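Below are structures written as structure tokens.
Each of the next two complexes has subunit A plus one more chain, namely subunit B in the first and subunit C in the second.
This part shows the complex of A and B:
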């Protein structure tokens, strides 16, 4: 098992390097001059030249990339072209918000998907199954921003501010700024609507997948054997069937993290959350190369690390991987 | 009870109620100290180097953290800021400013004439890269007479020198010489409080980009008793629906710039809210390019005519008679704007209504196009550039496309992000026509850097030196009556040539909760929270 874990860990490094290279080249290929955005009304050819030198934008692309990569390893992620703020500082400031949102929205997804899929599979072709699959279909079809707006209109606009419409309250003891509010209840209030908006779509996908997987598993011989041995339905479902049915679901959960990061951009913008999503979209719109690269890098790292964790989960769910 | 006794009881009760409520009513009118004003911005602050950053969001912070020499009131009067008095010599070439003696920077250092000289010279220095530099072109020298007296000598009379100091962009923001030299540009851009000790009513506490900016009351502010608020917190809420929900739920007290298309909705939701607006001071434009660089390289001195819009007949057909400004305002702004033709919008000083010069007249437009050689055999097609910065741009472009189709013209809309728009429209790139709104204009003079021949951002790239002559004559004329005549001539000339084509004013709205008191609305030019108090 140790060899397996080490192998997976080593595979992460070239993956991240490749991603950074791709992102860097893509950012360079976009037409337009970021210096215009930096200088705005203060633009002259001389000042533009100076800014290009200042940010190393006058050097060959590959050189720019290696300079950036070298600094990256030393913890210098560069400074935002527009604000001059260190990119790493801003990334670390915003990362916890997005991580919490992603983890909780995955939690929301599982909370909906697990019972819906189990009921759907165990009572196939009954009204309960039809309801679960119909709801799942609707969930897949509705985009996050629409669910977010509906929640906003209902709980913030309609019900007189039952839930806060925007902003963020940090978990106790995690305040990263001088002026900020922290509290468990406040945090829960702020994260609830965004997590639901982001999680519902994922729940729908997971429900469909898990239901199909469960249907397959409950027809296998070892489940029949378990029942024949006289086991009650609960251990049959949860210990024998669900654990095995979860393997393909966990794989998809790993892949869904990418979608969650993408969805976080929309949801964070809608709920004005100070997370990585808004950080990324602001950087992209402003062509703040340094910031976009920082965003892409942290996103890639998060994606890879979370998938790594998913792979590690396999070893718990499927002993064959553990002993391979 | 007999009727008479009942009347006596009612009278006594009424008098009693009135007497009891008197102190409360009086109290409601007395400004209260303390509290936090929660402001929302629809856009993020670019950075906090007040002398170089762009965007109103930064400017409104600069106006509260920093102080200048003078401010301007909504009715155009000048009031002293750090300067207690000022005098202009009869020839208009020498300005003498007397500074207040009790003005301090937030670190306790006194604001003196040397600090003002330092700030003006910093803005004039090309190395600073300030967008304000062109407006300081008339300044010959700045001299410190004594710690509280400053003289600014001009090369030639400049009628708008005080306007410029008060309200062009941020106006003059006095920088702390010591802190400016000690800290780097990056420190200021990042908004490190110690790098930005201003002399305004609020001191900067913290800026977290994309999240919030916090300013606290400066207790040693030079106006006794001000500011009234303990703290101002600015949050960025980009989505207007979220902004409305936050406002309705009482999570924010003041929306610094609210999108006009949502005004009616919010008014319906929060009827007691204060909606502040005025005549528009920002033009919504539908500009056409007049020349292109001869060698294809942007900003080339040698120019060639634009293949379509160099022809004044086509400009007039498309930009003047071919567009129905009233319909655009009705659809895009739900009627919340003024249809307009003149180069300066309806709310700008000395504006002139020349709407009669461009009535919606399809027949006239078609005739001009025929005269220019366009028709069914040779239909006119061009690209209409606009940006994603505001949704209203795209709506206007769509309405224009629809209107032009009625006269047989095809406008292909090209929607780009703001940076691409800047790279193309402002930087002499390849474009035919564009829809955008630009800066808020306090005076006609402040529009020069966007429309003079030779100005980097003269978007249409016209080469008509008469425009420059008008700007110069207008800015140098000290007699207001004569200046008004020049303004009228200028606006008419500009509308006739259509190097600059305005569609309407671009409305500006601020919204405040009913308990927010003491704010003086002065469009985008002056946003000060020092007199604001909360009647909660």
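This part shows the complex of A and C:
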């Protein structure tokens, strides 16, 4: 077990190196001279030379990459071209908002999908099953931002401003500046609609998968055995069937994380949440490429870490993996 | 036929197997001519209502996209400053936006971008991914390692982030070139899906006796790959392609929503939705229609793909 986890942990290193390479290529291919970006249009050749030396721009590309990588590892992610603030600090301040959104939306997804899939599988081909599968089909076909728009129309404008349409109240203790609003209740009000908007699509996919694998598992011999030996329905469903049905589901959910991160970016933009997504999109619009770089790096690294967590969940659900 | 000769569902078999009428259970079916898998598939699709709804939606969208110029009552990009934010009316069935452009015409023309990007990005990913997967699976060894590591680079990124990075590199523009850039970006992030799918199928198919027989007869590798291996992994490719179009359309709409897709004035549903969110409080319909258009399109391809999956490979259900 420990050996497997360690091996899996070591696999992360080449992945992260690949990520830095792609982000470096992106920064290299961005149109425009970096010297102009630092000095503005009116520079002399002398100062330009100085800047090139300072940033290592006069060296071969591969050397530039290693200099750049070395700075990254030491926590120097550059400074925003516009505000001059260190990018790493800003990115880390924004991260908790996005993480909260992603975790809560997964919670919403599970809250909908688990009962829907179990009922659908246990009562196959009844109206309950048809409702669950139809709603799930609709759910996988609506993009997150449109669910968000519908929620906005209903709860922010329709029901007399029941929920705030934009902005953010931080969780107590995560406030990034000296003055900012924080509170549990306010936070819940602000995060509810984004979490639902992001969670519904995942819930639909989860329901479809879990229902299918539950249907398969319920017909296996060990479930028949469990029932035959007189176990009541509850342990049969939750201990024998559900746990095994979750294995293929977790695999696919791992693949879904990429979509979840993308969805988070979109939902944050729609609800104007101060998370990583809005940070990245604002930076792209403002052409603040130092910030864009930080956004790309932290998002990709978060992706790697989340995949790692999924793999660990996997070993918990299926002990056979450890020996593979 | 005597009762005891009818095939019985094996214990633990699915309800569906038990439901098979007894006279349909004689295998192989006593027909004069065996049906090709294609004909069988078409027959199964015709029996499924949901799949037919999907086919109908897709067919309708294709017609709308092809004849957008005829169907749209007005130009999608000509603005009329005297008629901004007109509510839905007889003249303007879906109203007008902040520039006085007819929303119905914009939604109709948006079909083109969505379908064009959705279909061509998947085809592009297919044309790169399938050969890669076939070569990797068939030859194995170092070729396999190089190709699959390359795919791993793409998979190391969440797909939206990579699409965003690619669009930053390509720089989004309007018109056909802009559409091609989006297509390319989405195709690149989708290549590994097909490469891995095909590689997996090829790995199992190349161990089959008929492939070995071909080799023993001295058939060239290329002929074996295209004549014997490819047709046998076609079913999952077709299903994944159809469902992939649905995903690509969502990715395109999302990129447009973020302002990184095809640039205005080219009509695109994602962009229209985003542009009109600012006025959502007073003019709810403006964001609703492009959203509904995206939803119906994606639903159509999803239903069609689900039907295809059930028809071509019942095991996948």
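Basically, the second predicted complex is superposed on the first by the 285 of 324 C-alpha atoms of A that agree within 3 Å, B and C clash if a C-alpha of one lies under 4 Å from a C-alpha of the other, contacts with A are read in each partner's own complex, and residues count from 1 in each chain.
Following the convention adopted for this analysis, a residue touches a chain if its C-beta (ideal position, glycine included) is under 8 Å from a C-beta of that chain, and two chains touch if they have at least 3 such contacts.
All figures in this text were calculated on a predicted structure; none of them were measured in a lab.
Asks: After lining up the shared chain so the two structures overlap, which partner does A:149 touch, if you call subunit B first and subunit C second: first, second, both or neither?
Replies: both
Asks: Of the two partner chains, subunit B (first) and subunit C (second), which one does A:285 touch, if any: first, second, both, or neither?
Replies: In the superposition, A:285 contacts both subunit B and subunit C.
Asks: Taking the superposition as given, does A:84 touch the first partner, subunit B, the second, subunit C, both, or neither?
Replies: A:84 contacts subunit B only, not subunit C.
Asks: A:269 contacts which: subunit B (first), subunit C (second), both, neither?
Replies: Touch status of A:269: both partners.
Asks: After the superposition on A, what does A:72 contact: first (subunit B), second (subunit C), both or neither?
Replies: After superposing on A, A:72 lies clear of both subunit B and subunit C.
Asks: So, A:157: does it touch subunit B (first), subunit C (second), both, or neither?
Replies: Both partners, subunit B and subunit C.
Asks: Tell me which partner A:47 touches in the superposition: subunit B (first), subunit C (second), both or neither.
Replies: The answer is first: A:47 touches subunit B but not subunit C.
Asks: Which of the two partners, first being subunit B and second being subunit C, lies in contact with A:12: first, second, both, or neither?
Replies: neither
Asks: Applying the touch criterion given at the start, work out whether A:167 contacts subunit B, subunit C, both or neither, answering first, second, both or neither.
Replies: first
Asks: Per the definitions at the top, what is the overlap between the subunit A residues touching subunit B and those touching subunit C?
Replies: Common to the two interfaces on subunit A: residues 31, 149, 152-153, 157, 269-270, 285.
Asks: Hey, which residues of subunit B end up touching subunit A in the complex?
Replies: Residue positions touching the partner: 44, 46-47, 52-54, 126, 129-131, 133, 185-187, 189-191, 205-206, 208-212, 214, 233, 235-239, 241-246, 248-251, 269, 299, 388, 417-420, 422-423, 426-427, 449, 456-457.
Asks: In the complex, go through subunit A and note every residue touching subunit C.
Replies: Answer in residue numbers: 15, 18-19, 21-23, 26, 29-31, 124-125, 137-138, 140-146, 149-150, 152-153, 157, 212, 215, 219-221, 224, 257-263, 265-266, 269-270, 280-281, 284-285, 292, 296, 299-300, 303-304.
Asks: Enumerate the contact residues on subunit C facing subunit A in the complex.
Replies: Listed in rising order, the residues of subunit C that touch subunit A are 12-15, 50, 152-153, 156-165, 168-169, 171, 246, 250-251, 253-254, 257-260, 270, 273-274, 277, 280-281, 284, 287-288, 291, 294-295, 298-299, 302-303, 306, 317.
Asks: Name, in rising order, each residue of subunit A that touches subunit B in their complex.
Replies: Residues 31-34, 36-37, 39-47, 79-80, 82-85, 90, 93-94, 149, 152-153, 156-157, 160-161, 164-168, 177-179, 269-272, 274, 278-279, 282, 285-287 of subunit A touch subunit B in their complex.
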